Structure formats: structure tokens, C-alpha cells
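Two complexes are shown next, each including chain A; its partner changes from chain B in the first to chain C in the second.
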Partner chain A sequence: METAIKTSTIKDKLIFEFETSKLFLFGDTQIRDQAMESFYKQGIPTRNHEEYKYTPISSILKGEFDLSTSKNCNDEQIEPLKFLKEAYNVIIENGIFVEGLSNLENLPKGVTICSLVNAATSNSAVFEKHYAQYADIKTDPFIALNTAMTKDGVFIHIAKNVVIEKPIHIIHIATAFENTIIHPRNLIVVDENAQVKIVESYQTVDSKAKTFSNALTEIVVDNHAIVDHYKIQDENACLPERKELGYLMNTTQVIQKKQSVFSTHTFTLSGALVRNNLTIVLDDEHIESHLNGLYITSGNQVVDNHTVVDHRKPNCNSNELYKGIIDGKSTATFNGKIFVRKDAQKTNAFQSNKNILLSEDGTINTKPQLEIYADDVKCSHGTSTGKLDQEKIFYLQARGIGLTNAKKLLMHAFASEVVNTVKIEALRDYIEGKIAKTFE
Partner chain B sequence: MNEVLEQKLSTEYKYGFVTDIDADNAPKGLNEDIIRFISAKKKEPEWMLDYRLTAFRHWITMKEPDWAHVSYEKPDFQDIIYYSAPKPKAVLNSLDEVDPELLKTFQKLGISILEQERLTGVENRIALDIIVDSVSVSTTYKKTLAEKGIIFCSFGEAIQEHPELVKKYMSSVVPYTDNFYAALNSAVFTDGTFCYIPKGVRCPMELSTYFRIEAAGTGQFERTLIIADEDSYVSYLEGCTAPMRDENQLHAAVVELVAHKNAQIKYSTVQNWYPGDKDGKGGIFNFVTKRGICLEENSKISWTQVETGSAITWKYPSVILKGDNSIGEFYSVALTNNYQQADTGTKMIHIGKNTKSTIISKGISAGYSNNSYRGLVRIGKGADNARNFSQCDSLLMTDQCGAHTFPYIEIKNNTAIVEHEATTSKIGEDQLFYCKQRGIDNEKAIGLIVNGYCKDVLSQLPMEFAVEAQKLLEVSLEGSVG
Partner chain C sequence: MLSIKNLHASIDGKEILRGINLEIKAGEVHAIMGPNGSGKSTLSAVLAGRSEYEVTEGEIIYNGINLLELEAEDRAREGIFLAFQYPIEIPGVSNINFLKTAIGEIRAYKGLEPLAAKEFLTLMKEKQKLVEIDKALISRSINEGFSGGEKKRNEIFQMAMLEPKLSILDETDSGLDIDALRIVANGVNKLKSKDNATIVITHYQRLLDYIIPDVVHVLYNGKIVKTGPKELALELEEKGYDFIKEVEEVEA
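For the complex of A and B:
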């Protein structure tokens, strides 16, 4: 009997868990059933899977994982994670929205922030219109798995014409005692003309065990809306001595409507494995999208950024800049794809990926891709990889700056191109502080 | 725009005639008996048959790859004739003995072997190996080459006469386990070209192979093996055509290049297989494995290709840079029209120190075609100071076609410098306007601009090919922009 348990794969375990718990989960069971079926068909991707060639997810999931979630965090532990003083904080612990720890007082009129479970019952019109409509379960097994198994997350709705000044900070924390897989899910709907800044951070707090977060965020940006989105992936911010603990599979699915502006910024600073799947669909005309990313890796970290920019209609602009500094035995991957569909004439789409490889044992894989079906477009991508420029180091050394400081200075300069795109001052200071620490 | 397009679409494939040579076909299908039949037909030694059978047994365990950005109906491998030889009258020693009908074929193609023989001055001549339906029918200038110690003959002949070289090098660059089509080729290849340049010899003329598929329902599976020994140099040209047929024909070749210390190999291809008609019917499936290895230091391999034909192209000429200071180059122009699909590019595997590679790829899509660049640059851990520069540009001619870029870059050494650039755009209105304003008509202007766009690559081709390639591009593009 015991051997039977051991040989059962994580896939079987997930399916079993799903069957026993699905009746207690929120929302439409039909959506969940379809998603599970799709996950069952796709399975957990191995390295033979083209999209997961550089991400060793299947080997991580070979370990023993528990699927239940429990345990409560206290205020004291949470406080340092609320690093933005002027913000509405939303706490998601192990994928469950915790109202008691969040600060959502004095929300402006027209702003709804509640748990997905609540939204499914109370705010049903908006929820039903948008929930699970954009992240396609057929395209990725982890989207399917999240759609099937998610227990909770946050629902944010900004009504028409509402401009909210203070950022909304979604703090995802993992606090498990046992190795756990969790599936947090967020739905953010920004109506016409509304403006909002959203910060998501991912952290492991006081954990003795490994957590695999399969997180998914769907963002709807309606006509003329402006959304500023930030992701701070610093799994081990609270546990500097255990730098490689959290596994994060982070899917972000964005749909943009007419003349909207969406900017996203992804900062990956720690975590054993971080895989980002970011998809932006430009579904109408005159849309602007900005994608920025910075990853600073060391040790045995694996960071894999997959982005898809899907130009479906004419006259849109997208601009992508990802930069990486790779140290130790870490591996960083950038896989960016730009689609320009048949109708999307007059598209401007640019993509750039630059890397610095500091150590002898680090690895960089980059795969910038263009798929273009329209002829009147301007598209380009560029990528470069090398070590720190020796001439620049020499220049600084010649002016009396020591080697270590010269290197630090150059790395700061390299990173600042991305950091400077952060529009929230407090957040920029926080990130700069974090980066300075990693260079020490 | 439409008129011009119509005109373009009606430009017919110029090389689509069928020559009736009584082919000696094997029955359709593939099994061990067929392989034994081919091997016996070629009077091959035991070890060769063993190799074929091992490859075949491996092949049946493999699955057809589907990662390329092309869609087509998979060929039925049991519905192909794997051996089709034009019936030889006798062993061919001189051109007079070649089937006159075949010679006529070549004349139609503008390749007159006899004329070439009359040419004087060795430097300007081209030694030609002609392969029809996978069987080598004629190799010219053998004697002149033999004086220098150069071996240039059909693969079948090499197996008979130079088994030690074949045994040593065959499959050393592209093992039969490499991929589906390489395994298939290893099992059923019927002939090909073999070339050996001895130490210190600079090959005095361009070596050339001309491929043609004649028989219906056949596949062409040839193999090319070129070995450049220390301090030698060779420039090799390859050209191909096929008749027009409604069905899709399979061409799955393997090309292996080996460059020893200080050796240089320059391999140029002008590929003009039948691309199918304007509705995408028929055409050649071109699934080719081409790879070279810079085995020792200071060696250099350079691939240049002009791809205008084939319904489906699936081809990645690669270089393994094993020796220190070795150099790999890839220059490519790929043009697709109508419903053609091309997924082509290169792999540069840097293993040795101070290795350099350059990739220049120019894609041109017209009609309803899809043209993809797919390339890998891998810098291994020991490849100190490796350097790569890649540039992939795509030109779109209509709003119905697609141009795609899929570069893979894997770096495991921090002293390496790797750069990749890609752009996609349509033909410049201002450039066209400029030409027209000066009295150059639309067609000519497009030809001019495209040739300018491809200049980086075309200038790498040997003279004779460069002229042919330029014409080919112009013909293939007639009226494709409005």
C-alpha cells in the first residue's frame, strides 16, 4: 500500500484532490471540469515541451507536495511586507484572501476589492462577464490547473471614470509547514476611463517547507483606461539565509480595449524558480502597451520570462524591454513573442532583451520571436549578451574608482533603465534598495 | 495591385518538363527488403547494408517532427518509390555515353556540360556531378582533379573505391540518430556526391552538384560528404530543379562537411525545386539535414544559400565550431511565394575557444506564403571569447503573407559576446517612388530593391551562381508588389 502511494504522481494527486474538493469551491463547476479535463490532456510539461524547454518544472513537481492549505499569519509578520506606506493592502495567504490583515478602509466610491469567493456570489454581473474568459485553458497546463483548482484570490473592480491615486498592493504570501501547491487567482477589471496602479508582490514568510505557487492574474483594461501594473517577485525577502525556497509559476493575462494604456513591470529578485507567462492581447485600435522586466539572479536560481504580445487590430504600439544580470550557477531565460495578425496594419512593435553574464557558470537562453502576418508594420527585436564592458570598468578605474565599486556602478546603470520606468516613487526607492543589497 | 499580382501568379515554373528516361524503379514502400534491394542494386559491401539496416530500425521508432512553423499533409512513407535510377547503358566514362535525352534536359536547363568542357583555363571551369533521381549520372573533370589528388565522385563509387574514407567520416557529423529525416536518409539513400581534398591542396575549380528529380512518385534521398584535409580549400556549389507534378515529392538529403586544421569549405546552394502551382498544389517537400564540423583549429565553414523553390522547406545548415579559432558563417536568402512555406535557418554550436560565427538571413515573403527564420546559437562552457553576430531581416510583399523569426540563443560562458538583430518591414514606398521617378518601371524597381536587400548574401556566392541567383529572384518576384 505504501509503495502505491509513493508511486502515484503529482498529476494523479491533483486530480484526486480536485474530485474530492470541487463541490466546495466557488463559481461554475462546469468551467472547472473542463479545465481539469484540459489539464489531464496536457499533463505537467517536461523539458521536451517546446515552451518549457528551459524550465525544469516537472522535476520540481516530482517531490512530495501537500495540497491542503491552512495556518494563519499574524499582523507582526505581515507588517514589514507592507512596504508601500500609502497604499491599499490586500493580503492573500496561501491563495486565500485574508480580510482581517488587509487595509481596505476608505476605498473611493466605485472601487470594489473583495475575495473572489465573495465576488462570485455578490458582484455576479461583472464577475460572470469576465471570470475565466481570457486565460485560455488549452494553451497552457498551468492555466488549466489554476482554473480547475483555485480556491480564492482577490477581485478588484474599478468603475467607469474612477481615478484612484493610491496604489493597490496585493501581497501574496506563502506560509506552509509542509511542501504545498497553491493556486491563487486574481481578477482585475478596470472600466472605461478609469485609472489604477496595481502592485503585486510574492513572498514566502517564515516557511519551513517549499511552496509551489501557480498564480494567475487576469486584467481587463477597458476603453481609454490606464493601468500601471507592477510585480515584485522576491520570494525570499524575509528569509535571506534561504535564498532558494519558493517556486513561482506566475501567469498574467491582459486584455486591452480601444485607446487604453497598459504598462507592466516585472522585477524578479529571488526565488528558486520563477516562471512568468505574460500575455497581452491588443484587441482594438490605438492601444499602447509597455512591458518592462528586470531579473537579477544568483545561486542556483532559474528565472524564465515568457511574454506574448498579440497585436490583433491596426494602429497599436507595443514596447518591450527586459534586462538581466546573471551570477552564480543561475539560469535566466527570456522568450518573447510578438504576433502581428493579418488585420493589424500600421503596428509598431519593438522588443529588446539585454543580459550581463557575471559568472562562469551562469546560463542565458534567449528566444526573441516575431510572427508577422501583416505587411505595413514596423517590428524589430534585438538581444545582446556579454560580460560587463571591460573598457567602461577601465574608464572608471582610471578615475580612482575601485574595481568592486566600478562594477556596482555599471550594474546600477544597467538596471536603472528598467527601474526608472517605475512611476510610484516609494516603490522605486524600495526596488533600488533591494537591488543595491543584491549587488553587495 | 491586383493586375500585377495576377501577372505574377501566372508566372509559371520554367523548369517543369518531364524527361522520359526508362527508370529502374524499386516497388513502392519501405521495409528491410527494399533496403536490401537498394544495397544490392548498388553492389554495396556488407558494412554499408548493416549501417542502412541499423538506421532503418532506428527510424521506425522515431516520430515525424512537428515543431517547425509549417503545415502540410504528412507524406505516406509507404507510398514512395525509394529507388529510381535512370537505366544506364553502361558504366559512364565520358559524356558521349550519357543518355542523349538526359543531355537535352540539361540543355533546357541551360546547363550545357559539353560547352563547359570546351571552356579553356582550368580556373574558370566547374567540375560537375549530376544527380538525377538520386543517382549520379555524370561527373566531369575527374581526371584534372585526380592529378591534384582530389577525389570527386558519386557516393556509390566512393563506397566501392574509398571505403576507408567513407567509413571514417560518414555519419560522423550527422549520425543516423540525429533526426527523423536523417535516419530515413541513412536507411535509403541511393547516391550522392563524395569529395575529398587532400592536405595542402587548394581545389583549382568550383565543384558542383546538380540535382534533379525525374521519376514520378519517387523520393530523392542523396547524401553529400565533403572532407577538407589540413590546409586545403574547396568551394562547392549545389543546384536543384524538379518537374511539375500534382503530387508532393519528398526530398530528404543529408550533407556532411568536415574541415580539418586550417581548412576552408565554402558551400553554396541555389535551391529551385518545383514549388507547387499557384494554388499550392504539388511541389517538393524539402527536408534536409546539412551540417559541417570545424574539427580542428583555424578551420572555416561557410554556408550560402538562395532558397526559392520547394513547397515546404525545412532546412538548417549548421556548423559545429569544435576547433579553437574556427569560423562559421551562414548567409541565406529565402524567398517564398504563393503557398510556399519555409522554415529555415542555422545552428552555430560554439565549443572551441575564440570561435566566431556570423549569421545573415534575408527572408522575402510574397503571395500567401509563410517564411520563418529559426536559428540556434549555443555558446558552450569552454567556448571562451566566442563571438556571434546574427542579423535576420524579413521583407513582406503582400498583406496575405507571413514572416517569422524564431532565434534560440543559449549562452554558458561569460566571455562570449552574442548579438542578434531582426527587423520586419515591407518594401519601402519611398524607394519605389525614387526608382519610378527616374523612369525605372515597377517590376525592375522591385528587382533592384530586392537585389540590393539581398546583396550581403548574394555577394558571397561564386560569380556564376550570383548571376543565376539574381535572375532567379527577379523571376520569382515578378509582379508581386502592387
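For the complex of A and C:
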């Protein structure tokens, strides 16, 4: 039996695992069956797939991944990952919520944080209403796969009018003896007029083998709610010599309601392959959305940011800024779609993608796509890719600053436009420290 | 302090400087005047170490060192300061961080201990008053959104902070109204000492009413064609550069 599995394709392995384990997974089996069927139809995307042209996922998953069990971390290994001193920490280890390692004491009234399994089995009405309602299994094979196979993750609910001051830090840890695929899933529901800051960090710890995380987060932002969302993707930061063992497929699906504000910030600092699919649906009027991103790549890294901003109703604003610094033989891709539907008059939608290419062998693919079906809108997009400005370098040198430091100053300056959008001071300091390290 | 002999320099294969000779001693102020395209800015760029310019002949000796062998940053560390004609805007790098880094590297080069944060701030405050620059400007990114006058004032502020031995002011007066010109000139004068020297590059004579030169040179067609006392500047202003051109053509 075992040999038979090892020689089959990753797709077969996943289907086999699904069939043998689905009865033990939480929630509605029907949803899972439909999702698996959809995954079966779509398969693992190859580079012929328009949306995965620059993300060689199929070749990474080819034969290299067995679906073995993963190992666990101890307190000492996890403590340094709780880098926000003032935060509610949620530990998700290999896709499983670990209550014992999380810090969820003294949660304010109206705030629920528990495992998805818990939310599903306790018949939470909020869970029932929102779970698997937004990320569409038909649009992407990894959404389908996650929906079929997820074992757990975190469920967060902020009740109406509740303002939670301390950020909630979801710490995703991957750790493996053998090459593993995991499917963490989060559902975050922020009710009317509530406010919350959510930080998600992704790291591979103490591993000898590769982990492919197919992570999915759905976020519901109800009327008048304000949500500040951060993703810190630094998969290899904790591995010796920053060994490239972490592979991350990260889907974030957001739905916004009337007069809500959602800001998201994606920092990608390491990881052999990181693919972000971020979709924001502006489903009512007077909504504000901010999308900020910074990727700093080197070595053979592949980082691909796909974003979709879907303006469905009038009088909304969206603003998107992604910046990248590309070194070595790494490849970075930015693909930003903006839809302005027929009803979405008086839309303001702006997008900008700027890149610095430090090496001859690095590659940047940038593709803005605007589809506008309304006639009274203000939309703009712009991309630029260049080297560090020689005039600026000379100006700094003329004041006694050496070439290395001059370049570092300019890279910091370039990154700072995105870093400065971080509203949590401790997080901004942490990111600045991390960036300084990557420039060493 | 500075000795330039038979300096020839070109850019993209085009010769701009065609044999410059210049001697500057500590404590002196030299003005270099000349029409557009005469090579004034090229001379300052070559002194500061811009790599696009190729020196094809001649030498520059600065305090006993062969300047042409030094990278731009090492020239600055040795005490050469170029006040840019067109200061660059660098969004995202604060003036404070910039100067802290610069002073740190200059001190390390000289084998000096780094300045303590408090000493640095005291120095900033002192120099900021000296050159009359607004505190709010200093806390911003380098020259970002500054007016022309503010940029020039920031150059002089940087000069005050770095305490160079040889300062080259490249058309520092261009685009300045009379009030701004006075403030900038005042700053330069306050920084003058018997140990340092200044080269003032200008097209017009007006700046020299405020920064009084010891010697005036006229640069034309890549060569110094006339050298004289400060009155030469007035004569030039009166007669215009055509007078030099005629002299040059007759001699040729």
C-alpha cells in the first residue's frame, strides 16, 4: 500500500488522504466533497495556467511532497515568535489551533477566539452563517483544496460595537520531519461598528523537511467596522542559514460592508516560494480599502502577489501600493486586478507598483489589470521598475557615506513608504529590524 | 591646500576642461566665474569625484594627497565639500539620519569615536542657528518638497555640520532671492576660518558682494583665461563675458 502511494502523483495522494480522513474532519461533509470535486477538476495549476504563469507550484509539488505527520514545537521555540509584547497570541501549529500555547486570557467581552473545530462543533450561529461563504472553490484550486482538507485554524468573532485595542497575533508555525502539506484556515468576523487589528505571521521552525502551507483566511468586515490587517511572511527567519524550506500559498478573501474600512499590509521577507492571492470585495457603498505590500527577495526566491479589488457599489475608495526590492536570481510578480462594476459609479481606485532591481539575474513581472464598466469613476494605475538612482547615491557619497551604506539608506527609504503605513508601533519596529537584517 | 595642474577632463568622449591650473591656500576664498558651458560645473564635479567624468591629463593634489585616486566618499571624508547646484531630493531618508550616518562614517575614517546622540543633537542645534535654517526642515526627508532657497540653505547647513576644509559652492546663488542670498552668504562667512578654503562658482557678481573673494578666476572654454583681485568680478559684470571671449580670440 505504502509504495503505491509513494509512486502516485501529489494530486492522487491528496485525494487518497481526503477519502481516508474526511469522516474525521469538522463541519459539513457536503461542502468538503464539493470542494474536492472542484479541486479534482482544476488540478494543481501548471505554468500554462494564466494565473500561475510565474509561480512554479506544480514543479515544486511534483514528487517532493509526502503527506507525513508533522512534529511539534515546545514553549521555548515558540516564545520568540510572540514578538508583539502587547497582544493576544494565537498559535496555529501545522494548521492546528493550540490553545495551550496561545495567550487568550482576559479577552474583552464580545470577543471570541477559538479553534475552527470548536466553532463548528459548538453550532456557533456566526460560524454557520459565514464559514466558506466567500472564498469561491471554483475560482482557484487551492481554495478548493483548503476547503476540502482543512483540519483546523482559528475562528475570531468581534461582536457589534466592540473595540479591541490590543492586536490579535495569529502565529502560524510550520515544522516538519518530512515534506508536508498543511491547510490552515481562519475565519474572522468583525460585526457592525467594531474595530480590531489582526497580525498574521508565517514561519517555519526547527524543520528538517519542506512544508507547503496552503493557508486561507476569510475576513468579514460588517457595516462601519474598521479592520487593520497585517501579514508578516518570513518563513525561513528561524531556520539555520535561512534555509529555504518554507513554501506558502496564502489566500485572503475579504468582504466589506457599508462604510467599513479595511487596511491590509503584506510583508514578504523570506520563503522559498510565496504566493499571495488577496481578494477584497467592496459589497456596499462608502467603503474604504487600503492594500499595501512590500516584498524583499533574494537567492532563488519566488514571490507572487495577486490582488483583486472588486468595486461592486458606488462611492467607494480603494488605494493600493506594492513595492519590491529584487536581488539575486529571485523572481517577483505583481498582478493587480481592479474591477469597477456597472453599479459602482463615483469609484476612486488607485494602484501603484514600484520595484528596484538590484541584480542582473533577478526578474520582475508586473501586470496591472483594470476592468471598468462604470462611466463616472476615477481610476489610475502605474508601475515602475528601475535600479537604485545613481544621482542619489552620489549625493550621499559626496557627504562621506560609503557605497554600501548609501545603497542601504536608499533601500530603506524606498521601503519606508510601505513600512510607515503600519499603525502598530511595536510591529513597525519589528519589521524595520527585519528589513535591516535582510539588507546586511 | 589645493593644487590643480594642467587638468583635462571629458565626459562621453567630449573634452570640457582643457588644462586648468589653480593654486588655493588655506584661509582663501577663490571665485570662479564664467559663461554657461565654460566648464565651471565640470570642475566642481571632477573635484567631488563624479565617476562619469574622465580625467585624461593633469593632477589634483589636495593636502599632499593625489585626489584623483580617491573615491567620492573618501574625498568627503578628507574634508572636501560640494554644495550642489541642484541638490537632490531623497524621500524616505531623514536629514537627521543622513547626517548622523555621514558624520559617523567620517569619524570612523579618521579613527575617531562615534558622536554620542546628545553631542550630535547639540551640534545640530548649534549649526542650525548658525545658518538660520528652520528646524522643521531638518526633521523632514532630504530636500523633499523644499523650495529652491530651502535646498540651498540645507546645503550650507550640511556644510556646517560636516566642517569641511575645502568647500566648493556650485552656483549656490542661482534661484535665490536677495534675502535668501544674504542668509546663505552669511552662513558661509560664519564658517570661514584661516584653516579652510572656499571655491565660489558663480555666473553673476552679486554673490561676491556678500562673500568677498581673495582671488577671481575667469573660466572660458575649459581654461582659466584671467585671474585677478576681487575687482575683476565687477569689471566682468560691467563689460560682460564677451569681453573675455574677445580677449581670448585675439590671443588665440
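Quick note on the criterion: the second predicted complex is superposed on the first by the 426 of 440 C-alpha atoms of A that agree within 3 Å, B and C clash if a C-alpha of one lies under 4 Å from a C-alpha of the other, contacts with A are read in each partner's own complex, and residues count from 1 in each chain.
We adopt the following convention: a contact is a pair of C-beta atoms (placed from the backbone, for glycine too) under 8 Å apart; a residue touches a chain by one contact, two chains touch by 3 or more.
All values derive from a computational prediction rather than experimental measurement.
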Checklist entry - In the superposed arrangement, which partner chain does A:378 touch: chain B (first), chain C (second), both, or neither? => result first
Next on the checklist: Which partner chains sit in contact with A:258 here, chain B, chain C, both or neither? Use first/second/both/neither.
Outcome noted: neither
Checklist entry - Does chain C touch more residues of chain A than chain B does, or is it the other way round? => result B
Item to check | Touched partner set for A:428, first chain B, second chain C, both or neither | outcome: neither
Item to check | First (chain B), second (chain C), both or neither touched by A:82 | outcome: neither
Next on the checklist: On the A-aligned overlay, A:417 touches which partner chain: chain B = first, chain C = second, or both, or neither?
Outcome noted: second
Item to check | Contacts of A:401 with chain B and chain C, given as first, second, both or neither | outcome: second
Checklist entry - Residues on chain A in contact with chain B in one complex and with chain C in the other? => result none
Checklist entry - So in the complex, which bits of chain A are touching chain B? => result 50, 342, 345, 355, 357-387
Checklist entry - Which of the residues in chain A come into contact with chain C in the complex? => result 391-392, 394-403, 405-406, 409-410, 412-417
Next on the checklist: Give the list of chain B residues in touch with chain A in this complex.
Outcome noted: 67, 69, 381, 394, 396-426
Checklist outcome for this item: In the complex, the residues of chain C that touch chain A are 48-50, 71-73, 76-77, 81-82, 84, 87-88, 90-93, 97-99, 101-103, 105-106, 109, 141-142, 158, 162
